[in-house]
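Two complexes are shown next, each including subunit A; its partner changes from subunit B in the first to subunit C in the second.
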Partner chain A sequence: MSEKQDQSQPRPRPVSPHFQAYHLPLQALLSFGHRVSGVVLSAGMFVIVGYVWLAAFAPENFALIKGLLATPAGRLALFLWTGSFCYHLFTGLRHMIWDTGAGLEPPFYRASNWVILLGVPVCTVALFVLSGGPP
Partner chain B sequence: MSAIRGKYAPVRRALGLGAAQGGTHHWWTAKLTAIALIPLGLWLVASVIHLAALDRAGVLEWLRQPAHGAGLILFLLFGFHHSAAGLQTIMEDYLPTHAQKLAGILVSTLLHLAGAAFGVYAVIVAALRVV
Partner chain C sequence: MAEFVLPKGSRPVRGKEHPAPEGVKNPRRFRIYRHDPDQGGNPRIDTYTIDEKDAGPMVLDALIHIKNTIDPTLTFRRSCREGICGSCAMAIDGTNALACIKETKSCRNGVVAVYPLPHRPVVKDLVPDLTALYAQYAAIQPWLKTQTPAPSRERKQPPEERAKLDGLYECILCFSCSTSCPSYWWNEEKFFGPATLLQACRWILDSRDEAAPERLDQLEDPFRLYRCHTILNCTSVCPKGLNPARAIAEIKKMMVERLA
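And then the complex of A and B:
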């Protein structure tokens, strides 16, 4: 907002940014992503309990969940969950650096944006490769 | 920081409007569980991908290894604790009224406690299953 206001005209009422016109900076997008990935991981916690529960108590239904995991949708879910974990891990680590009071200047967070954008795919692929790949 | 504190703290104290609840404890446990979840989570995600390819007998055999069963229980305890704290923060941010916040946090906390209990119990039973 560097333009001079025309003093002869009454000031226009402020308008809240229309979300289609409002440019979300990368920083804000990545930050919101931490929240989204956190919710995905929270849902995942309950799925893991369901999975172990079936293994323990419902042998006849276990094949069902295994089959589900092997479908394209199941593999995609596994992949997105892994990606969410890596994403949340990287942004979470940055959060913890910020919590110490360090790294709050633009050069740090701009550089760390790129560490996150590059690190998350690397982490995701590495986890898949190290664990022997999807079903 | 100290300028802000110097400016506002006396008023807050005088009016009794400070956030004198369990905020510090909430913050600390959220951070501690997050640190524990770095190694535990990396290990667990890799394990889940590995297990997804196995049938039930293979999964049970994996769970029978003491380090695997105990590791999964640790992951469930830290994971559910961290998840409950995180979702509480989100509800405090987005739910409009105090009553809704309380109700949401109550329901979510109960679900998380139940998830942890059912999960730990299932791990133990699954690990002791013969087949």
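And then the complex of A and C:
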């Protein structure tokens, strides 16, 4: 009985390696980063909304959160959010160009990879310094 | 849903090591994915070292050399050996390519890693099951559909209309692009994938075809078309130098334009 079943049901086939054996090109890694930075920005939005929401109740809350954001951990979080913002902005603008059907040729997307990789750190540091760091 | 690891039974284990022949001058190592459905068990990675001068310049030449002289059980698809049949598409050195036009020398680190096309059920060794991809291709009805009565001779197409098919008709359906797409790895039941969408674009743009609205209706779906997130692996790997990402963008544009 069991032998018959074995014959009627073929052995399950293994799935061939994907992430494990695949060398993702730069533009694919940047695409992955676009999604990660989007998640980080969403998390940051909760903090901003919480900031405004709590401050609406009492001025002391405002000072409390301001103090929290001024700690080294708070500064790091703000810096990462600024970085995510710049990254998402750069890759997002490239996505908008792609949505028009332009810029999908390898020379464009390879060059724009480097515009993003060089532009994002510059933009992040500039924004962070110009805004005076934490509030 | 995104999955980053292989199921337990699919994880390759270390396999046999076939040493270099005596007096080898230009050794070249090949790490090749092996799976024998008759033996079952986990797939394994066998290693073969050959003398580069014994085989031709392409990865397919080396695979045929290994099959002829070292291990006749090594199984792979091949036919034309000149990049037009699409049979020998496989993941070589971390990138989907046609083994027959992929130079052994172009592989990084002196080792040639050869795997079947990614995220497919494996029939044997380097032979993936492509049934689902062929079914999706059939689903877009890749033939001329007309309502108007057939003319007495052929349906004519001016040269400028014919030019619109350049970059689309050359697809050899090797499915290197679809199987390189992370979005396709995770939504292969519902997302049509770059190869099929490029073909869909080819039929929508054909001036002789009269079913473009229905073809667009079929693709107007959160998964079939819109799972494309412009990761661009498709365009990066196409062995014929085609641009599936641009074809998909063209379809998305037509979707918007027909609403206007």
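What to note about this one:
Keep this in mind: the second predicted complex is superposed on the first by the 113 of 135 C-alpha atoms of A that agree within 3 Å, B and C clash if a C-alpha of one lies under 4 Å from a C-alpha of the other, contacts with A are read in each partner's own complex, and residues count from 1 in each chain.
Operating definition for what follows: a contact is a pair of C-beta atoms (placed from the backbone, for glycine too) under 8 Å apart; a residue touches a chain by one contact, two chains touch by 3 or more.
Everything quoted here is computed from the prediction, not taken from an experiment.
Residue contacts after overlaying the shared chain place A:Pro121 against neither subunit B nor subunit C.
Taking subunit A as the reference chain, the count of touched residues is higher for B when subunit B and subunit C are set side by side. Once the two complexes are laid over each other on the shared chain, residue contacts for A:Gly67 go to neither subunit B nor subunit C. Applying the stated contact rule after C-alpha superposition, one finds that A:Tyr109 touches subunit C and leaves subunit B untouched. Look at A:Asp99: by the touch rule set out above, it reaches both subunit B and subunit C.
Touch criterion met: A:Ile48 reaches subunit B, while subunit C stays clear of it. Shared-chain residue A:Leu130: touches subunit B; no touch with subunit C.
In the overlay built on the shared chain, the residue A:Arg13 is in contact with subunit C alone; subunit B does not reach it.
Residues 99 of subunit A are contacted both by subunit B in one complex and by subunit C in the other. Against subunit C, in their complex, subunit A makes its touches with residues 10-25, 27-28, 31, 95, 98-101, 104-106, 109.
Taken in their complex, subunit C has these residues touching subunit A: 4-7, 9-10, 12, 33, 35, 37, 40, 42-43, 91, 93-95, 113, 115-123, 128-129, 180, 182, 185, 229-233, 235-236, 243, 245-246, 249-250, 252-253. Against subunit B, the residues of subunit A that register as touching in their complex are 35, 38-39, 41-42, 45-46, 48-49, 52-53, 55-57, 59, 62-63, 66, 69-70, 74, 78, 81-82, 85, 89, 92-93, 96, 99, 127-128, 130-135. Remark: subunit B residues 31, 34-35, 38, 41-42, 45-50, 52-56, 59-60, 63, 72, 76, 79-80, 83, 86-87, 90, 111, 115, 118-119, 122-123, 125-126, 129, 131 touch subunit A in the complex.
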